[in-house]
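Structures given as structure tokens follow.
Next come two complexes, and both contain chain A; in the first it sits with chain B, in the second with chain C.
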Partner chain A sequence: MNFLSSLTTPQGVATIAFIMVVGATIAGALIAVLARNIFHNVLGLALSLMGVGGLFLYLNSPFVALMEILIYVGAICIAICFAIMLSEPLYLSKPPRNPLKIQGAVLGAGAVFAFLALLVKQTKWTPAPERSADWSIETLGHYLLKNYVLIFELVSLLLLVAMLGAIVLARGGRGSS
Partner chain B sequence: MNFMVQTLGTAGATMVVGLIGVMALVAVNALFLIWMERKVSAHMQLRPGPMEVGWHGAIQTIADAIKLMGKELITPEEVDRPIFWLAPIVIFLPVLLSFLVIPFSASWIIRDMNVGIVLILAFSTLAVLSILMAGWSSNNKYAVLGAIRSVAQNVAYEIPLLITVMSIILMVGSFKLTDIVAAQERLWFVLLQPVAFILYIICATAETNRAPFDIPEAESELVAGFHTEYSGMRFALFFLAEYTNMFICSAIAAVLFLGGWHGPILPGVVWFLIKVYFVIFLMMWFRWTFPRTRFDQLITFAWKILIPLAFANLLITALVLKLR
Partner chain C sequence: MLIFNQLSTYLYLALALFAIGLYGVLARRNLIAMLISIELILNAAMINFMAFNRFLAPHPAVGQVITLFIMAVAAAEAAIALSIIVAVYRKLKTINVEQATELRG
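Let's look at the complex of A and B:
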């Protein structure tokens, strides 16, 4: 009974919300990796990214959370769906999983995971209330267009190059066929 | 953490009351809009429309709703079951969430977030995903074609929509919907930004998949597009989402361009609803006036005309604001 009544306090509801968000992130990630139907993979990815958006909301950054949904779920996942529509139809039998590829993927993902885990462990985290900096939309805008403008522009350049590359590849494909 | 606790503590009651109010509004609005659409289309074609059930057929849609609820939910053999089941639910979530930040009057708002407009725009992208889910899982060529068309169209029209909204945000300097309305106390933005208003209306019509941009569900080519295989209440949910979406798009138009709750004599809520239903009437007027566009025309129009126009509008807005 005590446990139940603690769940209805604001603190308890916040904890439940946190567990739900983390659960959605992990479950979505698992679907994105393990499902054999490529369309289910994309939906899993979308669920996982929604969960990440929820984590940002939990950290009191609603703007970043909504941008996560707008860009990753709204743009990236839809772009992936476009790619799926151009790929081979789903009713064809799927080739079996290649063990060599699985090992490679595990190695690559494991390396990234180990690096990030090390980073998380090494960093000295200060609790959110003790950090004085405000993360309002104005502050974020100032950072993007003042302190980090070079990085911001370089990232856009990268996207532009990727886009041009995609156009070149698509053009070549159509011409040769 | 503290943020969450605070939010839940102070606004919990508002949320519950607001949720009940929104549910009632969604249902009544859909029933009213379907009747309105029938009447508007009928009178534009010089016929009376529904007349039998109630005064001028006013409760015809209630009878239809009861019929739909009584129908069997058919799940075809070859569908992708979990996704087929999930799609009508997913299409309804973002629609419901948007009501969180819509200001019906200065005080009638569930939660006045400082990211209001971004919230609506971010969650409206989920609708595309659910249309895709419905079309893909149905395992039907018409449904898939409808879904593909819908995605291409929504992606194309979302870009000018966002840029157009940005030019208004630039003028106000805030994402908060109440701030945007408050800034129009003397002069509505439709007079300052006529091009942006026209662009917004075009994009909103396309985003809600309505004629002349209704190629995702073009009846004469695709049966019913992405919801061909749905029946009963599942089909009704798609319908409900579509009409509620119309309400939200029109509400944003009222907030961004038509001064929200501002107006003489009548209370704010009444003015707001008058403006919303005026914009909805405009959209219905379009549907029964313009023929359906061809698909390539539609996409070309978005990428080659609307997006450059929206960018030019944004640039001019920024220049005027800077040089003033």
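Let's look at the complex of A and C:
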């Protein structure tokens, strides 16, 4: 069994697609952080979030994958685009980056990465016994409206309060109606 | 063992996303860029929850419910942060955190 014929099996195709999804996630995240143009940052974030949605497909939950694309790519990225249009114009020259600060950030993020990677590598993960193999959206809906209804209501209340707060803040605060 | 059926793959990937987001928060000076980096960090947390739910604690709903909760909180956070950014720009004519130093004594 050579390498090329193993690529055409279903597992091989799934592996290739997984590697592409991972590449999109990491590349999008790098664009989102490293590019100087703020609009390129948003596009990189959208690419990265699409990749995360693909990962959720591999993790057995198409519903959360769709919600990821709907909420993050469809709502948050567009909202960020509007904020970019309402704030600093893109043609203004940007202040140069402070190399010392960049080095400090690389050092800090690298240290956290190394520590947590060591932690992941050292830990022995033991899976809990399986409770149910039913991962359908119906089951999720039942749990969301029965066992976890408090979370559901809390989320709706939080979104309402956040929406009102955003409107009040963006209109210029109190007293300037 | 396939690469996408291992817990450690997802953990390392989430870790990479977290580190990239942390670098962005530390290095960038634009408020919107910092918000984008925070979204990356929240996504790393969501991948961790989903991966642990899939591989270590196989319950059909807990991981997905928590992920949806994080998503809603992130949406609220983004709405509030963006309106604050717009208000700051209208007041100070800049969204660079090094120039917005009104409260410095």
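Rule of thumb we're sticking to: the second predicted complex is superposed on the first by the 134 of 177 C-alpha atoms of A that agree within 3 Å, B and C clash if a C-alpha of one lies under 4 Å from a C-alpha of the other, contacts with A are read in each partner's own complex, and residues count from 1 in each chain.
Following the convention adopted for this analysis, a contact is a pair of C-beta atoms (placed from the backbone, for glycine too) under 8 Å apart; a residue touches a chain by one contact, two chains touch by 3 or more.
This structure is a prediction, so every number in the text was calculated from the model and none was measured.
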Contacts of A:Met67 with chain B and chain C, given as first, second, both or neither: both
First, second, both or neither for A:Gln11, with chain B first and chain C second: both
Partner chain in contact with A:Leu55 - chain B first, chain C second, else both or neither: second
Chain A: partner with more touched residues, chain B or chain C: C
Partner chain in contact with A:Met85 - chain B first, chain C second, else both or neither: first
Touched partner set for A:Leu43, first chain B, second chain C, both or neither: first
Touched partner set for A:Ile76, first chain B, second chain C, both or neither: second
Footprint overlap on chain A, comparing chain B with chain C: 11, 14, 58, 60, 63, 67, 75, 82, 128-129
Chain B to chain A touching residues, read off their complex: 1-6, 8-9, 80, 83, 113-115, 118-119, 121-123, 125-126, 128-129, 132-133, 136, 148, 151-152, 155, 158, 175
Chain C residues touching chain A - in the complex, by the definition given at the top: 2-4, 7-8, 10-13, 15-24, 26-30, 32-33, 35-37, 39-40, 43, 46-47, 50-51, 53-61, 63-65, 67-69, 71-80, 82-87, 89-90, 94-96, 98
Touching residues (chain side chain A, partner chain B) in the complex: 10-11, 13-14, 17, 37, 39-40, 43, 46, 58, 60, 62-63, 66-67, 69-70, 73-75, 77-78, 81-82, 85, 128-129, 137
Parts of chain A lying in touch with chain C, wherever the complex brings them together: 11, 14-15, 18-19, 22, 25-26, 29-30, 32-33, 38, 41-42, 45, 48-49, 52, 55-56, 58-61, 63-64, 67-68, 71-72, 75-76, 79-80, 82-84, 86-88, 95, 97, 101-102, 104-106, 108-110, 112-113, 116-117, 120-121, 125-135, 139-140, 143-144, 147-148, 151, 155, 158-159, 161-163, 165-167, 169-170, 172-173
